[in-house]
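Going by the order they are written in, the chains are A, B, C and D; count residues from 1 in each one.
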Amino acid sequence: MSIQLIILLIAAIVLVTFVALSAIFFIWLERKVAGRIQDRLGPTRTGGKFGWLQTVADGIKLLAKEDIIPANADQFLFRLGPYLAFTGSFLAYLALPFSRDVVALQMNIALFFMLAVMATEVFGVILAGYGSGSKWALFGGMREAAQVVSYEVPMALCVLIPVLTAGTLNLNVISQQQAGLFWNWYIFHDPFTFLAFWTYFTCATASCKRAPFDLAEAESELVAGFHTEYSGLRWSFFFMAEYGSMFAVSGIATMLFLGGWHTGVIPATISEWIYENLWPVYVVVSVLVFITKCWILVFIMMWVRWTLPRLRIDQVMTTCLKYLLPIACVLLLGASVLPLVWHTVFPGWVKLPFRNPPAYPAAPR
Amino acid sequence: MLENPGWLFVGATLLPLVSFLLLLIGGRHWGRAAGWIATAAIGAAFVLSLIGATLYLPYSGWFAHHHHGHHHSAGHEKHEQHAGPAQKAGHEHDHEHVTLAQREPGVPPWQGGLIWAKVSTGEPGQATGLRLGFYVDGLTVAMFVMITLVATLIHIFSTGYMAEELQDEVHDHQAHVVRAGRYPRFFTYMSLFCFSMLNLVLADNLFQIFISWELVGICSYLLIGYYYERRSASNAANKAFITNRVGDAGFIIGAAILWTYCGTLTLPDTVREQRNAKGEVVRVVEPGLFSRLRMPATDSHGTPLPAQLDEYIGNFARVEPISERSSGDAATRYRFSSSGPYVLLFTADHFHGEDLVLDDGISASTSPSATGLSVMPYWALVLAGIGVFLGCVGKSAQFPLHVWLPDAMEGPTPVSALIHAATMVAAGVYLVGRAFPMFTSEVLLVIAYVGAITLFVAATIALVQTDIKKVLAYSTVSQLGFMMLALGVGGWIAGLFHLLTHAFFKALLFLGSGSVIHGCHHEQDMMKMGGLYDKMKITALTMLVGVLAIAGAPLFSGWYSKDAIMVSALSFVVHYPQHMLLFLLPLITVAMTAFYMFRLWYLTFTGEPRDEHVYEHAHESPAVMTVPLIVLAFFSVTVAWGWPPWDAHASALEHYLDHEMPIYLHPDPDNRQVDKFLAPVRKYAEQPEAFPNVQLPEPHALAGLLALLSAGIGFLLATTVYYWGYLDPEGTRQQFASVYDFLWEKWHFDELYRWIAVRPALVLARVCRWFDLNVIDGLVDGSARATVRVSQWDGKFDLGIIDGLVNLTADVIYAVGAWLRNVQTGFLRNYVLFLALAAVGIFALVSYILALVG
Amino acid sequence: MNNVGLTQYLLIGAVLFVSGVVCMAIKRNAIGVLMGVELVLNGATVNFAAFARFHDAFRVEGQIFALFTIVLAAAEAAIALAIVLNFYNNYLTVDVDSAEELRG
Amino acid sequence: MSVGDILFWIVGLMTALCAVMVVVTQHIVRCAIWLLFTLAGTAGLFFLLGLDFLGATQLFVYVGGTLVLVIFGVMLTATGPFLQLRAGAGEWAIAIIVGLLLYGLIALSWLFADWSKLPESALPDDPRQMYHTEQLGRALLGDTSVQPASELAGVPGSLGAADKASGKLQEPPKRQASAFLLPFEIVSVHLLVVLIGAAYLARAKRKRVVVAPRESL
């Protein structure tokens, strides 16, 4: 028990560092991507040719900035906001396995846990919006509340689809089921999962209020939305939260659809052999693979952000309630009916691997 | 089913009922189909009865006689075939397993039924109930065939006659109204009518007969009042109904008397299935009215009764009490005497012949206590007979109650035909024939005289009528009178024989008149007709047949039956000369009959047309109407034929009936049960040679001759007056103005009744009204005022004290409520607080109690 | 009470419950009352969960009842909020004391 | 005093404190925040109990859904004066007294309760060895075989589980096991009804503008 606790603490520290670093990296990446897409160079000077250290410089600047709290702001809430937001996105990592059994908290319902925790992230935004005592912020907060609460529904439904196929909520197991070559990935499992992936990705983008769904911080309408009044470290916490949750949702997507930490080119037997005999290699490689996959997804999000214009709030809600939600429902229905129908309709054909969950859980190593 | 073919007749009875129900339910939408349904039903009934008749004939012993040639020698095989009901009852008890067929070779026991209202008086022989049953014997069969046949023809005729009722708008020129056609309704009633009549004929007990009796009455009411928009029609309907009520009152009184004393209303002996001591089913003969009223030849053990009782066997055993103790008491001892005030009833299941005779020096005496028999007063029996006959008087429109029949002409002509020929009026005669054995000699005399008066009066009225249907109506009344007379004088055969023949030619005549009326567009006055012969030949000829038949022309069916009647009357008169009228009146009436019938025919069909308008529009009726006429005409001629036809007494139908005669009328030497009052009459009628001291020619020859003579006179008179026109009817009328008016006014019967019945009734009604207004209402109002007073006081009490209390309670409660309002703050939060408090309280309480408990 | 067991959890649940009741009793803001209700329900949920953990008999039932409680609480919250909004539309306030037509 | 106990004391007291804070705070929005912490704390308790699924549900449904709704409602209705609706001191007094009474009673009854009447059970040290969601799902789908018999039966279970060899049904257990399919369905239907009801209640009352027809020239 206590050992586990110690492991937990270590993992927490590691994760915080990782989230912070990845946030720094993402900010840099975002700038570059934006620049390229807008046919600019982006940061070039700071720290060498590619402006590696640009974000670090920004961080320092932020730390140095004066901490301003508006006069008619609600102190308590104003302070609370960023921490809540960050906590929300950070807690998700507790259950996110980076490789086989490389996870802070071995959870049977890791996926559900992650979704739940990330659902609480919205409070930070709402409080920030309310606590700043400015109408821009308030609007931002309200929009965020409405948007997130509604987008969680189709997102959860889409998540359920691969879960139906896998038969478990344990990310470890799910990802392990997709070992081997890439056609074992659940995105290629059946048409429903394939469509589910894209739907999920859309919802995920919206739920971490990325463009084109960044109504909470709509520069052109509300000055900067919920964090209009923020500056300095608190402001950066919001950004860490945002990038953190981006990575987290991408992680979920990877786990569920894209074969987790599996390369997709090494046959399962080989990878198993590696896992048995030289575990460290396996872990390192698979962690890298996993992170890369997530980064690619994050990159896609940026790409989308800098490509598409922002929607109006009513369009956002319409998209969710009138399109994504029905689509998700149909997919879920189909995915649940398919295994029932398949073997009766196509006897002796391609056997879709509808697995039963393995006995819970493989004892942590 | 056919081991008891009686069911055939039951079926025949039920068919019209079915069609009635059908039409009742959906008839009004079916238009012409309704007519066909009713016709089909009655037609099928006819077919069934025909089959039944053919099955019956072998039983009737009529074949045997028929091959035998002359009918006098038929007497010997007759009586063992006709062992009386009492004998049947007697034979039953010693060997009980005998089947019905073995029991009576002669009379078919086509009977059945059930007791639908059990009435047990506890006394022996009275443990019976109201019965719903059928009993088929020769009479029933004959009536069935006749009724169904005639009714069928009338139905067919009606489908043509009532055709105009099919249109949506019918102009009633007499009521001056335009109404919807009632074609289906007509046939609905007709079906019910037929059902009632058939049921009446089929019934084996007086009560069932009474039910059908009333049904017939209501049907006649409905049909006579068919054109109820016409005041005259509705009045006629009421008249018919009310008049019949008078008769029916008599009927039910008679029935009640019989029920009281005899304990049963079943006429013939019926067979019950019982479980005996050994538990096996045996057939027990339940003695009917007849065998209870008339002394049987043997006691219930089959041993013949002692010889001292010979004069009572087959008659009403009249007795007088010996001891002076309260008469009628069961312990009383009685002595047989031909004029005793009591009649011995053979209601016991078991009685021994020797118990009836006590040899204590008295010739013959008995005590019911010894025999288990009971007695009834003789006057009660007479009263019962007269009562039942009164019913018949009402139905067959006999002398005092005949007034309704002519008015009944207001109904559609086919209805008149049905009423007059087959159903209603026949019912009365039929019942007299059916219940014949229960009539004492007094009642028979009453019947005879009533019949005589009726036939004479009706004939005289018929002489002067000008409405074609009225003439026929009165002729019917008169003919019924003939029948009654015949029955009254013991001419059982003659009466029913005439009933059967008359049914055909009267139906023919009515339908003919109907055809005429139809052809003349509902013109009924003969004075407006004339010369219609070349317009409607078929109608004229067929009606001529009818006229000849009713007038009693040789070889026509009427001839045979009327002869039979005259013979019976004659032989009765020969034996009871003091009743000479009973022969003279019919003799004269025969002449009058011929006269007015030919008058009718001449006025209608010959001479100059007296009304151009009517004449021009007159036309022959369609086939549906003429064909029945022809059929009826055929039957009117041939129905009574026998071999050789010219022998007035070889009629097959008559001999058929001869074998159906009640046992008490058989004048054979070895028939112990013969009726002492009528036997000589019958005997003389059949074997005049047995009466050497009577200085008269053979009755058949004499009666036949006289009848033919008077008929001829009537015919000649009519011809001279209305055909050759030697005599001017106008002149005659002026000459005998007073007589004419008297007849024209129908002997002022209506006025008479208006004075003796209607006026008093009205006066009585007024008195009652006065009484009601002043006395009854006075009482009521008085009590009302008293009630008001009381209730005022009550009100004060109520207001003061009761309400005081109530209000007090209310106020208290209100106050409490008003105080408690404060608790209801309406603040959600307070409620929550109260809830919490309550929780605390309960919690504390529970834990405290638990602590106490342990 | 050195060793944590059923009782401790139940005590915590009781705290939630009671504070929920009190909250319902003294919050004049309709939504405050609603929060009180949520608290009460949470108290109940805690109890269920505690039993589910500490007694084999309720291993499954406890969790499932807790789940039902949560779900029904969500439903109840939705309805309650809808009611509150209606209330607000009609009264232009959320002070529950202003809804007192039921006062005796 | 193991780590788990320490964690329990921390989380539990935090939860209790936040609950009390919900009561005493006047500002409605802050109330909401305290409520948020209370709920989160409850979820934490669940995790400590090893009821991961329950905890996650608490977070997902309650914190992520219900509470957002509540705060939404707060913000919709929270215009100046209503933020600080105070109750009178008297009410405070009564409420607190009643509350304390109630708590005292409940606490006493808990403390003196004798749990020995409940069936004994050997509890594994690591709670997570004890539960997994599969059981829960089966129970919700009405599989009566997964759970031990209990007094708190939801709906009497239909029959004992069928043994695979011969399709015969075994004898149902002595104490009726419970199946939760029916309650599950009822709850789902109930949710649907609530959805509709809420939508109906909260719909905005719009006035219909009647455009008078222009009379033709």
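A few points about this structure:
We adopt the following convention: a residue touches a chain if its C-beta (ideal position, glycine included) is under 8 Å from a C-beta of that chain, and two chains touch if they have at least 3 such contacts.
Since we're looking at a predicted model, the values are computed, not measured.
Ranked by C-beta contact pairs, the top pair of chains is C-D.
Chain geometry summary: the mean Cα position of subunit B and that of subunit D are 92 Å apart. Distance between chain centres (mean CA atoms), subunit A to subunit D: 27 Å.
Subunit A and subunit C, compared by their mean Cα positions, are separated by 32 Å. Among the residues of subunit C, those in touch with two or more other chains are 21-22, 25-28, 36.
Annotation for subunit B: residues 829, 833, 836 touch two or more other chains.
In subunit D, 4, 53, 57-58, 65, 67, 69, 72, 87, 91, 94-95, 98-99, 102, 106 are the positions where the chain touches two or more neighbouring chains simultaneously.
If you check each pair of chains against the touch rule, the ones that pass are A-D, B-C, B-D, C-D. Within the complex, the subunit D residues that touch subunit A are 2-4, 29-30, 33, 36, 40, 52-53, 55-60, 63-65, 67-69, 71-72, 75, 125-126, 128, 132-134.
Contact residues on subunit D toward subunit B in their complex (touch as defined above): 87, 91, 94-95, 98-99, 101-102, 105-106, 108-109. Those residues of subunit D that touch subunit C in the complex are listed here as 1, 4-5, 8-9, 12, 15-16, 19-20, 22-23, 28, 31-32, 35, 38-39, 42, 45-46, 49-51, 53-54, 57-58, 61-62, 65-67, 69-70, 72-74, 76-77, 82, 85-87, 91-92, 94-96, 98-99, 102-103, 106-107, 110-111, 113, 115, 118-123, 127, 130-131, 135-136, 139-140, 146-154, 178, 180, 183, 187, 190-191, 194-195, 197-202, 205. On subunit B, the positions that touch subunit D within their shared complex are 829, 833, 836-837, 839-840, 843-844, 847.
Contact residues of subunit C toward subunit B in the complex are 21-22, 24-28, 33, 36, 96-97, 99-104.
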